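In the two complexes that follow, chain A is the common piece, with chain B as its partner first and chain C second.
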Partner chain A sequence: MPIEDHHTAPAGPVPPAPPHPPVPPLLDVRDLAIRFGAVEAVRGLSFSVTRGETLALVGESGCGKSATALSLLRLLPRGGEVSAGTIRFDGQDVHKLPDAALRRLRGGDISMIFQEPMSSLNPVLTIGTQIVEAIREHERLSRRSARRKAIELMDLVRIPEPHRRIDEYQHVLSGGMRQRVMIAIAVACQPRLLIADEPTTALDVTIQAQILELLDGLRRQLSMSLLLITHDLGVVADWADRVVVMYAGRVCEEARTELLFRDPRHPYTRGLMACSTRLGRSPHYRDGRLPEIAGSIASATGVAGCAFAARCPSAILTCRSQRPDARPIADTDHVLACPVFERATSDGGDVAFS
Partner chain B sequence: MPGRATTLGNIVRNPTAVAGAAILAVVILSALLAPVLFPGDPLDIVTQPFLPPFANREYILGSDSLGRDVLAGIVHGARVSVLVGLASTAIGLLIGTAIGATAGYVGGRVDDALVRLTEIFQAFPPFLLVIVLVSIAEPSVATITMAIGTVSWTTIARIVRAEFRSMKRREFVVAAECLGYGNLRIIIHEILPNTLPPVIVTTSVMVASAILTESALAFLGLGDPNLVSWGSMIGSGRDQLRTAAYLVELPGTALVLSVLALNLLGDGLNDALNPRSRKR
Partner chain C sequence: MVATLLSVRDLEVSYATPEGRLRAVDGVSFELARGETLALVGESGCGKSTLGKSILCLVRSNSGQVLFEDTDLTQLSRRALKPFRKRMQMVFQDPASSLNPRQTIFKLLEDPLIVHGVRRREERRRRVQVAIDRVGLPHAALTRFPHEFSGGQKQRIGIARALILDPSLIVCDEPVSALDVSIQAQVLNLLVELKAASGLSYLFISHDLGVVRYIADTIAVMYLGHIVERGPHRSFWGHPAHPYTRALMDSVPGQGRGRVAPITGDLPNAILPPPGCSFHPRCPAATEICRMVKPPLRVIGPEHVVACHHALA
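What follows is the complex of A and B.
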């Protein structure tokens, strides 16, 4: 693998808009729990997205990121259900919406793009048809003006020669182009929140930066909020305003990006940073072994204490018996679910971060 | 290049499909042009009985035991075959697609119930069921068509259900749900076009078997008594099988060629529409 150094891309993390406490967040998730049968994929998950910000949801595969994203639009697959908690979008409870209002919400207020641009487009319809459909679902437009708008959208997501591309099928487009089409469809009705579920995982590194830059640009241009779901700390460092780190369906740590990278507290967050090849560390094998987090992610079902305790180098006896709650450190906006590191300042020992 | 043109190109380049389509075109053309080519009722007695083929300029394929024109009968018989074949397949397609799509998309108990229903229909020998249905109703082209349609939807239902099940959690369908599209729209506009290749291939075989079923009914004397059909011609010619075999052979050949043409077309379409066989 080549060294991935897209974090030298021009735009750095954007400072969050100055907080206005009276304005409620656009999306507010409280104590969310998602079950698949007896398995609890997500439990006690709380986070919120304010207007215009980019929130990153970080965690390894299987920690419940995608299930969380799907539950926001009530799209969990059969067998999965939200068993507790509330999801409020702009003040209304998503899981209590009637069907018609839910359909207006989907695509109209909240849009989503997926990891796999290869399979997210309908193979038998031209991309123009698919963009036009999306526009006409939420806007009363004639076919001709919808088509004109589709070409504008394709231009907006920087697809070259939109006039020619609009009548093509998805299989002739590259992965990056398909993801651009997906983004065009997602922003067609100017949603207020765009959920991007690992939008760049299936793309090669040079395209990743372009797509993220595009998403960030659109967020400003269309004044959307962005919920960026990823396992890539490099992506987080460059594009997110705030970060929620998840482990086994729970929040470990939440902070502004700059603070999280400067002062990571949770042993899991520190571990992730230590084993990232992107954050200023040389990934060359001659420079020694890349650190790793020992063990593997296990189901948190039936675990009495902290889900990470079994893999945690700093675990103390109570970690295995008492489940730590995520709570703010000393009234700051830095949220942590680890009693061991609540008071300690960063020793920086195991984190090499410039 | 747009995908549609490539598919069409694949069909045109496929000799099997072209041969099938050519024979079928002749059959359909004679069905359409029958009243022009042979005006009047083909059941009318027009000449002496047992005129052998190629003996008379006016009645090229000869005449039957009552002196009816065999060629006129074959050409008019194509009308019944084509009509019953296409119409009953359309009915089967409609029922099968509706049931298969609902079962595959909705899933759960609805799926269970519809699969049981399909299995009940499959448990009956289809031809027996057609005979029962036709004998309950008056034998006419309409009732025969309905009866064949009612027994032939199960294959389509199973295929469509399987396709829908595999497509339902595909990302483009979830993406469509994300955009707030309704269920009916996702079924008809997003998923159904993706299920078409196997359905189209099965359809051509369904038309062939519908034509055969209609002929078999007519052979048994359960066809529409006022219309000439290949089956009824074979049925009435079988008494003279030793003396005038052509009365069975000629409509039989028409039947064999039509069914063969439909199967060839089906194979050709399968090659053209199936991406796995395309690579060979």
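What follows is the complex of A and C.
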């Protein structure tokens, strides 16, 4: 069956700006800072998600991507707080919403799924009970009609034999099936934004492909936007419209997916791409070493300049003293926080990773 | 002709479960040469970790042989096994939980030497220092505790501990899966360097085909306790023959292909595996014979074998 692909942005030159002011983005995050005590997990983070698109937040552990996701729904754990910036969803400031409106937002307009479906589901309740609970939290439905809707949702996320499975407990389900249950709960109330935090990291590779395909299908079917949080550049390349690369709580680079992979500018983005073992281009050890990024991932707390400078093969003196701001390259939608590579072209000034 | 270090023949390992016997490893055979890296690839529950542990006799097998330089380890008592233990070591997936948090790095590395009877303290100190040098950590690390290190550094310590007894074989069970991408490359390069320097063999257990493509000389794909395909690097990646192997390869993200998952469904119940070819319920090419007859491993190229009725030679 041919599937119409609304996904990829048309290649080639950017069309001229429309005469009317553009529709404001669905989610707009400006200058976000998140602190855990003295530790600054995120600082000066800005990005937006437009209607119907998939935006990927990419980075390694500790880069602040999960804290960012949690802050969008005011779900930061105790000790964590948004210390600056605004988060607007559909024009409303999420952090100024009264509690009742916040509850409607969570699981209503914005839903979230996590890496570990095992620990997100309640082991002593049937999966049906948990889907019904989510539905009835937001919709005035009788138990009977909510149960009918739960079965429809299980069918929507392609769980075989939903009539039977609805009365089962999570421990009899496989990891992939559990994640499908989580997705059913997440889309129960037709959210406009689905936040997926490493949704396939704990799954086997053949199941990973199935879940990503499902998420992308649902995005189109239900006209949702998807905020995909991942460490996997392969997942990003296949499924995201735009990408925000984060390092130590800050944006390094943001671009349309196709452009980012064609013309990555930030030394960290380039390093990540170079050292990812990927099927298509991966060398064999007899042909030489894998490129690597030296050193370990550091926190940006207390660092005066660029947080990546200590590992960066192209760092110049000012990188260690002046923190680079993320800004558009020559009025394009390609955002970069690296003064060294702002002017370099894709083939000039190549970054050498030992 | 390369010397064979390890030869596994018809190995079978099963676990008793409330629902019946689970054959985690069901008649597996392969050989590993000195200096070779054999990767065992497969999804969770395919038996790859059980196979790794049964080779080290950490899990006892029900039948079959594990010949380490012509000695069948499965027939040895615990005491007789001890001299072989130091020749075969293991590196685990999660370095944080495989290092005792209350021991200094020096103590962690020294312990295996004490267990295996290195009596002179000076000799132990020297060997600990050599091991920490080989994995690229400073001597200052020796007085510190595991929590003071990052994930990548902890894995280096795990590797140093595996190296300290100068083994011939290291079973690496998902050694880089818990690490960030930029750190994975460092650890993979280290493993390659160590092998080149001392002629080690690795049994490299992984679900990550990208990693396996880089590190392995020979690749074996497991599905429900069986090896369904095995071949040397060039032939395996150039001509993958089993439909499951191809599905695994096509499932790896980042290949920019269509947005259709190559296979549907989950792994079947391993206690009641499907009759015939155990992959047939998920196989796009399955026919009548696949449902009836279990396919044997057939040679389809030099050193390249596949268990599929429809694979072409």
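Throughout what follows, the second predicted complex is superposed on the first by the 322 of 354 C-alpha atoms of A that agree within 3 Å, B and C clash if a C-alpha of one lies under 4 Å from a C-alpha of the other, contacts with A are read in each partner's own complex, and residues count from 1 in each chain.
The definition used in the following text is that a contact is a pair of C-beta atoms (placed from the backbone, for glycine too) under 8 Å apart; a residue touches a chain by one contact, two chains touch by 3 or more.
Keep in mind that this is a model prediction, so the values were computed, not measured.
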Looking at the overlay, what does A:L317 touch: chain B (first), chain C (second), both, or neither?
-> neither
Counting only touches as set out at the top, which of chain B and chain C does A:V23 meet: first, second, both, neither?
-> neither
Touching A:A304 in the superposition: chain B (first), chain C (second), both, neither?
-> neither
Where does A:S296 make contact in the superposed view: on chain B (first), on chain C (second), on both, or on neither?
-> second
Of the partners chain B and chain C, which touch A:L125 in the superposed model: first, second, both, neither?
-> first
Does chain B (first) or chain C (second) touch A:L212, or do both, or does neither?
-> second
Scan A:A38 for contacts with chain B and chain C and give back first, second, both or neither.
-> neither
Of all the chain A residues, which ones make contact with chain B and with chain C?
-> none
Which residues of chain C touch chain A in the complex?
-> 43-44, 150-153, 180-186, 188-189, 192, 207-211, 213-215, 233, 247-257, 259-264, 266-267
Residue set of chain A touching chain C in the complex reads 3, 5, 7, 60-61, 174-177, 204-210, 212-213, 216, 231-239, 271-272, 275-280, 282-285, 289-294, 296-297
Listed in rising order, the residues of chain B that touch chain A in the complex are 1-3, 107-108, 169-172, 174-182, 189-190, 193-194, 196
The residues of chain A that touch chain B in their complex are 70, 73, 75, 77-78, 102-108, 111-114, 116, 119-126, 133-134, 137-138, 167-169, 171-172, 182, 185-186
